[in-house]
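The structure appears below as structure tokens.
Each chain carries a letter (A, B, C, D, E and F) given by its place in the written order, and its residues are counted from 1.
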Amino acid sequence: MSACTCEVCSCYKTYGVHDPRITQVDGTYYITYVAASKRTQRVGLVRTKDFRTVDEMPYVSEPDNKSATLFPKKIGGRYAMLERPSEGASIWISFSEDLVYWGQSTVVMTPRGGHWDCHRIGAACPPMEIQQGWLLIYYGEKSTSAGPLVRLGTAVLDRDDPSQVLARSNIPIISPREKYERIGDVGNVVFSCGAVMEDTDSVMLYYGASDSCICLGTCTLDGILEVCRKSQEGY
Amino acid sequence: MSACTCEVCSCYKTYGVHDPRITQVDGTYYITYVAASKRTQRVGLVRTKDFRTVDEMPYVSEPDNKSATLFPKKIGGRYAMLERPSEGASIWISFSEDLVYWGQSTVVMTPRGGHWDCHRIGAACPPMEIQQGWLLIYYGEKSTSAGPLVRLGTAVLDRDDPSQVLARSNIPIISPREKYERIGDVGNVVFSCGAVMEDTDSVMLYYGASDSCICLGTCTLDGILEVCRKSQEGY
Amino acid sequence: MSACTCEVCSCYKTYGVHDPRITQVDGTYYITYVAASKRTQRVGLVRTKDFRTVDEMPYVSEPDNKSATLFPKKIGGRYAMLERPSEGASIWISFSEDLVYWGQSTVVMTPRGGHWDCHRIGAACPPMEIQQGWLLIYYGEKSTSAGPLVRLGTAVLDRDDPSQVLARSNIPIISPREKYERIGDVGNVVFSCGAVMEDTDSVMLYYGASDSCICLGTCTLDGILEVCRKSQEGY
Amino acid sequence: MSACTCEVCSCYKTYGVHDPRITQVDGTYYITYVAASKRTQRVGLVRTKDFRTVDEMPYVSEPDNKSATLFPKKIGGRYAMLERPSEGASIWISFSEDLVYWGQSTVVMTPRGGHWDCHRIGAACPPMEIQQGWLLIYYGEKSTSAGPLVRLGTAVLDRDDPSQVLARSNIPIISPREKYERIGDVGNVVFSCGAVMEDTDSVMLYYGASDSCICLGTCTLDGILEVCRKSQEGY
Amino acid sequence: MSACTCEVCSCYKTYGVHDPRITQVDGTYYITYVAASKRTQRVGLVRTKDFRTVDEMPYVSEPDNKSATLFPKKIGGRYAMLERPSEGASIWISFSEDLVYWGQSTVVMTPRGGHWDCHRIGAACPPMEIQQGWLLIYYGEKSTSAGPLVRLGTAVLDRDDPSQVLARSNIPIISPREKYERIGDVGNVVFSCGAVMEDTDSVMLYYGASDSCICLGTCTLDGILEVCRKSQEGY
Amino acid sequence: MSACTCEVCSCYKTYGVHDPRITQVDGTYYITYVAASKRTQRVGLVRTKDFRTVDEMPYVSEPDNKSATLFPKKIGGRYAMLERPSEGASIWISFSEDLVYWGQSTVVMTPRGGHWDCHRIGAACPPMEIQQGWLLIYYGEKSTSAGPLVRLGTAVLDRDDPSQVLARSNIPIISPREKYERIGDVGNVVFSCGAVMEDTDSVMLYYGASDSCICLGTCTLDGILEVCRKSQEGY
């Protein structure tokens, strides 16, 4: 009866679903995903407590939206979600009090001409809370004459107003270099939907390489922040 | 402090605002409009009680959205808005409890191949309540080899679930025919943002012709519904 | 059971049929037409003796073909048909012994850069036999910054090998000039699917103007040939 | 004097010929090929009995056609040819009584959204007769953000009416995996113009990899049919 | 033997020449024009003293350049030329000591988003010397959904450094309004290649309307400057 | 004060500079480079005697020009420069008496349909003087369905009139074959901005591979000329 289960809506998944991002908020796991069809792409949402039974919720975007992920806690009493509406190729943020109605959308970051993230960007992993605010690992795309080069970089967002970018890496933290990152069904792509911060200084980044295999990269949080810090200083 | 007045937001109007639709809900006038900039188009909202002082509200859409209009009353306790997200060229509906957070978006009508509204459609006037449900006057665009031909037609939406289309006119109710509709800065266009139903059987349609002058057309409600009725019957 | 009536085929007319050309061959009237669908355009064929009962025949082209017309007599024992395959924008000729199987396709005329027929051409009327060979009235399209300008011109094809062009007019014989030719649903277009040669020196050309009305133009055959003759001489 | 040798025709090969498919019919070898020029691509045909002297025949298609191959026997008394007209990106079939005049064209298979063959398909090898009908090995193209991914799959066509598809593999039978299939002048492509069925249960598939080398793959007919069978059952 | 007369060069005029601008410098008339061919458009130059014998000079631009016009006197000892290189859609200036070798190119004016001259601009008439500097009448194009709307406006350039724009009209000085300006082979276009300042306060503007007729408009210099002045003041 | 240092000009390098070509003329080293910005690409020029202090000169092209290189001596008393204006995808030559004003531009070589250099060409290394004239190593691009394939070939230009091509290689002298040439940030690319002729018969070619590493290839001048010679003879 609700919009999310009507016949019209189910037709938004005829080409399948992909790019899930899992965020735990108040003990419940929420999974945003891209529903793909001939018509368009839009962002869907499900929730689960045990990964056995899953509860479908209404779509959280209109058409032509993707790369969405929830923040792991409410900000100012509201749920917050990063997303990439339409062809603007930028990261946006929207807010909600109930995960159903969304609003006060504003832009967070746009592509930077002449940089590694010059043609298209989007959130990769759900934001992780750190001392400095929110650590965001995002993907950046550079269109080369041989096709897109997709890499991962980071930004630090303000804890209370995550539409404010405190720092942003001028270079990627991971680029396709290994054979399995260069070659595959969709070559020259490293892409991630999730990372784990095991303790205060260790980041485990799960990423897909060339759309053909799944990899694990590790680094220290300090290492990542160092890249952001140097970018601020103009290196 | 809120997203709607921050510097980032004001930059969405650098190319001006256009296509306002005025809807009175519970004694307040709400005006949806298109904010245009180099970057994109998105839907803004203001409210007024006297057309002297105007109160700016947060944007009600993300980028690449236009042709939005509120319904003149809440439906199922929620505000409802027709809109046209992105390049899908279809009319959608979204709901809100507070005019700030929006959700449960679903498609209402799509272009019909081979018809007068085959390439692009959008709400023209705010929906008007009639005995049969909601009367929607909408524009339809047909791309011809000499450019688009924009005309106005009608649909009747269900009173309680306006995502359900009860009737839809197979022919337009007004087409460019007169010299001032054919010729102008943007020829072969009739477009409207508002109509007035004076009494139970008289519709006054204010429309722009060729982006160069403003016109008034009148017809009876029965005449409009007759077109819808015949379309149902396959004429 | 035959290909022309199977379900797959009927779906090529979902957007209707248009641009019929009627040719009488050996006492039977054959009508080529464009079958239009979301998928593509292709050429269909029907025949009739009395315009009351009509006999559908198999499609005479594959997809992306239009502007086809039969010659009013067999040439070298074979049926001949002018057509415009695909995006080549040129007039081609194909031959058949039975109106079902077609072959030996070859190009007849291509657009001429810098001329009135520089971007797209196609047969307008079925070829008419004259003393000099076959008189072809064809349309030529020039793409201007304000949209296409579609006009009608003539060529004379060799009687025995109509892929040979004996003469071709450097200027159109009719251009949009009158108000009803300039202005309409698709402005700046004159287009024809048929002409009648009443006696040896009078051509009656039925043509559509601006996709909004139907007109009759008359001229003498000598007048038309004079245009071709002067074109040959470099006027 | 015939269309196939005229000057106009020879200009269709100025960029060379490619993708030959050899079919033996009634003791004669027929080779269909793509003639490429600046203008367009169209399908040519030659025949030979000994691969020493070759006889050129008229072109068997109009412009913008490719990936054509004859069936190794007449079907219902007529020659049959698979082909890919124009931008429709689908496999079609046409029939002929004399290899010169072709007709009764109808579509056989179209791309399937969301599958491995979602953007473009075409016959790869000449159809091979098997107990169940005609075994067709065809190529399917998926457009990825890094360029097309071209793979080979199979279908079984009805013996008497090969426009009817009895089975079609939901997964490819060969995909670029090896280094020489991934990397080359045109990477991520496996493409074939011919396969040999040595005995009743062994298929030898000759294929090009990355447009840079030629490979031989072998499999059993049962293995191929098993893929089709499972696809029917929804695996 | 020189580049301007070699065979390669003459092929740049196969589609004819158009848009001549005549400038008298030191007693000689120089005519810049656009040479059009299938390949490209580039700027040619001829000179004459009596309009009877004409002297061809080398091309003054590389390919993809148009809308060029000389200044009527040398500036800082050098010839100066306005032009519109490539797809930038902007007005540029170049300098020369001998009309053969050109350099120190710099941009003068670019399109202004949201204005009447938002999509493409170029010099219309040769600059005219006035008390305030150089009066430039230029064309501006706005792309509407029904095609381009081409209008004429003005700017005042600095006398000694004409790359400096002292004033620029926020509204056009002439727009298509009359029937013969709205309707024609290329409708909604007013375009000029020359104006005459008869005495100190009268400008006669010769312009083409809809690519179908030639018109004469008159205004006072004060009237034109008033438009510029008001634009400066933000009207 | 001069055009090359004004604020407008510096904005042409906001995306950096690339593809420098160094040519020594009369004891001074001149470096042409591509200045890249959001707006366009154009050719800049600097000079140095010691590679410690560098002198910026005015831009030597208008927008949309790249792949420029000076000849190492004056030709007929004038500086000469190869370049690639705009989207023509061809190599042009311009002349200058002072390196500031340029003119008498003419085309030197265009892409050859059906060859390895069919879609785009440009000078790679500065021309090197040899007994037969000028040896030019240039890049050629072939657009494949998997992206561009960029290779290097050679031509010999006439010593006194370098717009005359005396010989041109039908095959490239180096193609991506090695793993580091095939795979990288921009795969399947070999590109050069400079070569050194050590003595009369040894060419050292420095080239970038896949935009990811720099390589050195060596060959004999005789070997290169042999390729050109055979191309002349039709191999």
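Note that in this section a contact is a pair of C-beta atoms (placed from the backbone, for glycine too) under 8 Å apart; a residue touches a chain by one contact, two chains touch by 3 or more.
The shown structure was predicted, so the numbers you read here are calculated from the model rather than taken from an experiment.
Steps from subunit B to subunit D, minimised over paths through touching chains, total 2.
The set of chains in contact with subunit A as well as subunit B is empty. Residues touching across the subunit B and subunit E pair largely diverge in numbering: under half of the numbers involved belong to both copies. Centroids of subunit B and subunit F (each the mean of its C-alpha atoms) stand 56 Å apart. Averaging Cα coordinates per chain places subunit B and subunit C 42 Å apart.
Between subunit E and subunit F, the centres computed from C-alpha atoms are 34 Å apart. Annotation for subunit F: residues 147, 183, 187-188 touch two or more other chains. Taken as a graph of touching chains, this assembly fits none of the simple shapes: it is neither a line, a ring, a star nor a complete graph.
Pairs of chains meeting the touch criterion are A-B, A-D, A-F, B-C, B-E, C-D, C-E, D-F, E-F.
Residues of subunit B that touch subunit A in their complex: 2-4, 6, 8-9, 39-40, 58-65, 83, 85-88, 92, 94-98, 100-107, 163.
Of all residues in subunit E, those touching subunit B in their complex are 113-114, 144-147, 149, 179, 182-183, 187-188.
Listing the residues of subunit F that touch subunit A in their complex gives 14-16, 36, 38, 147-148, 150, 183-189, 211.
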